[in-house]
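The following pair of complexes shares a single chain, chain A, combined with chain B in the former and chain C in the latter.
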Partner chain A sequence: MGAYISLPTWWQNLEQRYRFVLGECLDCGAYNFPADGACSVCSSLTTFREVEPEGTGEIVTKTVMEEGAPPEFESYLQREGTIGVVIVELDEGVLVPGMLTDCDPYAPERGDRVERTIRRIYEQEGIVRYGAKFRPVVE
Partner chain B sequence: MTASLLGGGAYTPRYRIDAETISNATGSFAGRGIETKAVASADEDAVTMGVEAAERALADAGCSADDVGSISVGTTTPPVDEGDVGVQFAEMLGLRGTVDVSIHTQSTRGGTRALLSAVRAPDSPGLVIATDCPKGPRGTAIDDAAGAGAVAFVVGSDGPVTLEETGTYAREFSGTRFRRRGSTVTESYGATAYERRAYTEVSGAAIEAMETTPGAIAPTAPNGSLPYRAAGSTDADPAVYELAACLGDTGTASPFFGLLDAWAGGETDVLVVGYGDGSGADAIALQGSLSISWERETTDIRYAEYAAKRARPVGNGGDP
Partner chain C sequence: MADVYVVGAAQTKFGAFPDESYRTLFTEAFESAVESVDGEFDTDSIDEAYVGTLGVGGRQLGLSGPAVTEHAGLDGTTCTRVENACASSGTALRLAVLAIRAGVADVALAGGFEVMTDMSADRTRYWLGVSGETEWGRMSGMTFAGVYAHMAHAHMSEYGTTREQLSRVAVKNHANGAMNPNAHLGFECSLEDAVNSTSVADPLNLYDCCPTSDGASAVLLANEDVASSLTDKPVRITGTGQASDRVGLFQRQTLSSIPATRDAAEAAYDDAGIGPDDIEFAEVHDCFSIAEIMAYEDLGFCDRGEGGQYLESGATERHGERPVNLSGGLKSKGHPIGATGTGQVVEVFHQLRGEAGQRQVGNLSCGLTHSVGGSGGAVAVHVFEEGWA
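What follows is the complex of A and B.
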């Protein structure tokens, strides 16, 4: 059973879904993702200033799914065979989740550099949900 | 003010399949002049490829998303029949809400239409994106030739490539290449001589409408053979540039891939000829050059992988 996200809910965070737009705490300067609620560092209930990150970072942890994907990802899994899922520490210091793309998902390892790109995440009710994925940085 | 190209970028998907692999699996390959082609992954479409090219073009031009005054997208393969895909590009790229958005579809000359639209837009610089990943009914020339890729340019003033002259021509040739409403596959009536005539007559008339005689042309390349017929339609005998032979049919992006190849070959006076069935053509004379690579790390795939990426798993019979 997947976690259904309604389109209006999805739409509320488009900048985060497309480009990982961060919130800079006006009290302590820490970057937050998502920029919601209290600051994750100083617990201040201040508002956040939007910051566009570079979109680059390092893999903190990775897993590769070969079966058992949530239903909205089943079509992708059938067509590509695997889904690489990573937690990435962006260069701005925040942790963000994402899928791997444009690579053999078994190849990248913890500590490898990755960059953000845009891909189809899944299609539901006739609507394509786009979002950020990560691929290895080619030096 | 002379319009010019300030920078550009190209994107092709990672995966490649060659004609021989398809021919060995299916018994035939009907994509004339195609040796290898690019194959989009299951999470790619005209939107994602176009965004990739656009981000590279903005970086190449040293232009920030906040600066962009207009965005013009040309594609025959938007993911939806209705619903403004151009706005999705603008949002994904982080452009201002006041950006002038236009989309040019239904014709493979959508790429040159998008370029002309950016040149004519009131706010500069303009972002031009040509992106396509066509499909045809299985086993047809259109499907065997179908590739994938995107090219983007930033248009403004005082750039290294100037737009010298434009010409256009239109005449009805229905059925040479079309996609029915609600369908994901592009078809043709199948009368070869009629289709060749449409391509050569309309492309040739757009070229003839120009005052200057081209030394090099970069025509729309539905395959690796037709572009050379565009050259034959003029007396000038220009050098012909196309990348369909190694990328497949990239639709609206194909004349721009030819342009990149011409620049890589040292050409500085290139006539881009955008042709779209129906039929209409634009000729755009450009002087100067940019250095834009379309090379990338690639992975060769087997036929079964190719079929699956194109949502035609072999085990399911593979239709449509």
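What follows is the complex of A and C.
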């Protein structure tokens, strides 16, 4: 059937799905997302210390998808017409990808401030999967 | 260490072929490759076969290598299926080169295949983009075009690369592909058409994206002893390089470059004892327009950030100083994932032998192929030179 994320796989990372919980490498101090396996900076197979990020950051890159979506998001695309996806540099200095919400996805630009908010991500096998999306910070 | 020569290379047409199967396509490519050998090629002489496929659609996911070689009459030949996403057969080529260099094989086959156009839209959606990082990238809604759209946005923001420069990749490659009878989309397009086409994943539009295609390709390699008995127009693989990187774009050090291309190219240049200035022409992995612009930079054809201007200067056009994607590239020739890497070799083989027909560009003596898996999780680069060692 192609790529597929099982429910147990989804549940293994709920703190990352909801709050982007980072891992600080005990060897080199680098923050990792997701903190899983070797450190992305020093390759050490150490354990990570959990770090709770603020959940805010700046847009580094953005795309607005209009034609085609992963099957998990096809109904969302049909309904909304677009899917905005950003790669955000969290204030802790780590890049994370996420969907835009609560805005016209064409409006936010590189450098704009965004914050995480819990949303319905998609539904599969009759179970709704929740996680974080990004919305513009209202000053 | 044995020297490695390409003695035969061929591909099927790339396109949509509902009457063919992955096996009939592979056999057609293999038979054409055998016919392309100057001398009498003995198919029993193949010691090792490496076949690339992503396995789109399921079909024969396990043992898909032997499933095609048995169909091609090679049922006793040692065969390994290779998967490195869109670089699957670029990687298969490298394994075949290494087998000959190591002396394990005197003759080796590298090839690939994919069938992508025969499924319902629903099923296709499950297969497209399976080489993107799944747990976080795909789960934030990104298609494969979406991943490259982020790279385009980064490149445009950091270096001022323009909408028009992206579209010029499509115009150039379609102009080349229009002369290639094997091309999936063998028509020319105007800059106006390319700039104004429908948005897919902003900033990328339809003309920034290659098609999904059916097709197969096959390359026959031999050491010098065997090659010298088969041809007097030798094409030698003088450099091979491969590199891997993090699968997810967001986990890399840069979003506006493909580090694995730089690493693989450096290894291939070192291996060949040359530098990027020696490359006269190249087939690069233009799955999306921005990918070709980044390839110019990462392969060392121009400085970082100058890929857009380099293209605009005309350097990579058919009669430019370094033509790129004379075959039409993935954009026009098509992209049947597993067949793409060794498909690039077909154009290089013909150009170096002066047999590219109306696409022939003068007397070329040194070319390069560049095969990217995913958004840069795996890259294979090879250098080809005309003449004996």
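Basically, the second predicted complex is superposed on the first by the 137 of 139 C-alpha atoms of A that agree within 3 Å, B and C clash if a C-alpha of one lies under 4 Å from a C-alpha of the other, contacts with A are read in each partner's own complex, and residues count from 1 in each chain.
Here, a residue touches a chain if its C-beta (ideal position, glycine included) is under 8 Å from a C-beta of that chain, and two chains touch if they have at least 3 such contacts.
For clarity, every value in this text was computed on a predicted model and none was experimentally measured.
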Partner chain(s) touched by A:Ala38 [first = chain B, second = chain C, both, neither]: neither
Partner chain in contact with A:Ala107 - chain B first, chain C second, else both or neither: neither
Dominant contact partner of chain A by residue count, chain C or chain B: C
Touched partner set for A:Val60, first chain B, second chain C, both or neither: second
Which of chain B and chain C A:Glu74 touches, first, second, both or neither: second
Touching partner for A:Thr9 - first (chain B), second (chain C), both, neither: second
Contacts of A:Val128 with chain B and chain C, given as first, second, both or neither: first
Partner chain in contact with A:Leu95 - chain B first, chain C second, else both or neither: second
Overlapping contact positions on chain A, where the chain C interface meets the chain B interface: 76, 99, 121
Interface residues, chain C side, partner chain A - complex: 58, 122-123, 125-130, 134-143, 145-146, 149-151, 153-154, 157, 198-204, 206, 246, 248-251, 255
Sites on chain A touched by chain C in the complex: 1-5, 9, 13, 34, 40, 60-74, 76, 83, 85, 87, 95-99, 106, 110, 121, 131
Complex interface listing, chain B residues touching chain A: 14, 41-45, 47-48, 51-52, 79-80, 88, 91-92, 94, 296-297, 299, 308-309, 311, 313
Interface residues, chain A side, partner chain B - complex: 14-15, 18-19, 52, 75-76, 78-81, 99, 101-104, 117-121, 128, 130, 133, 138
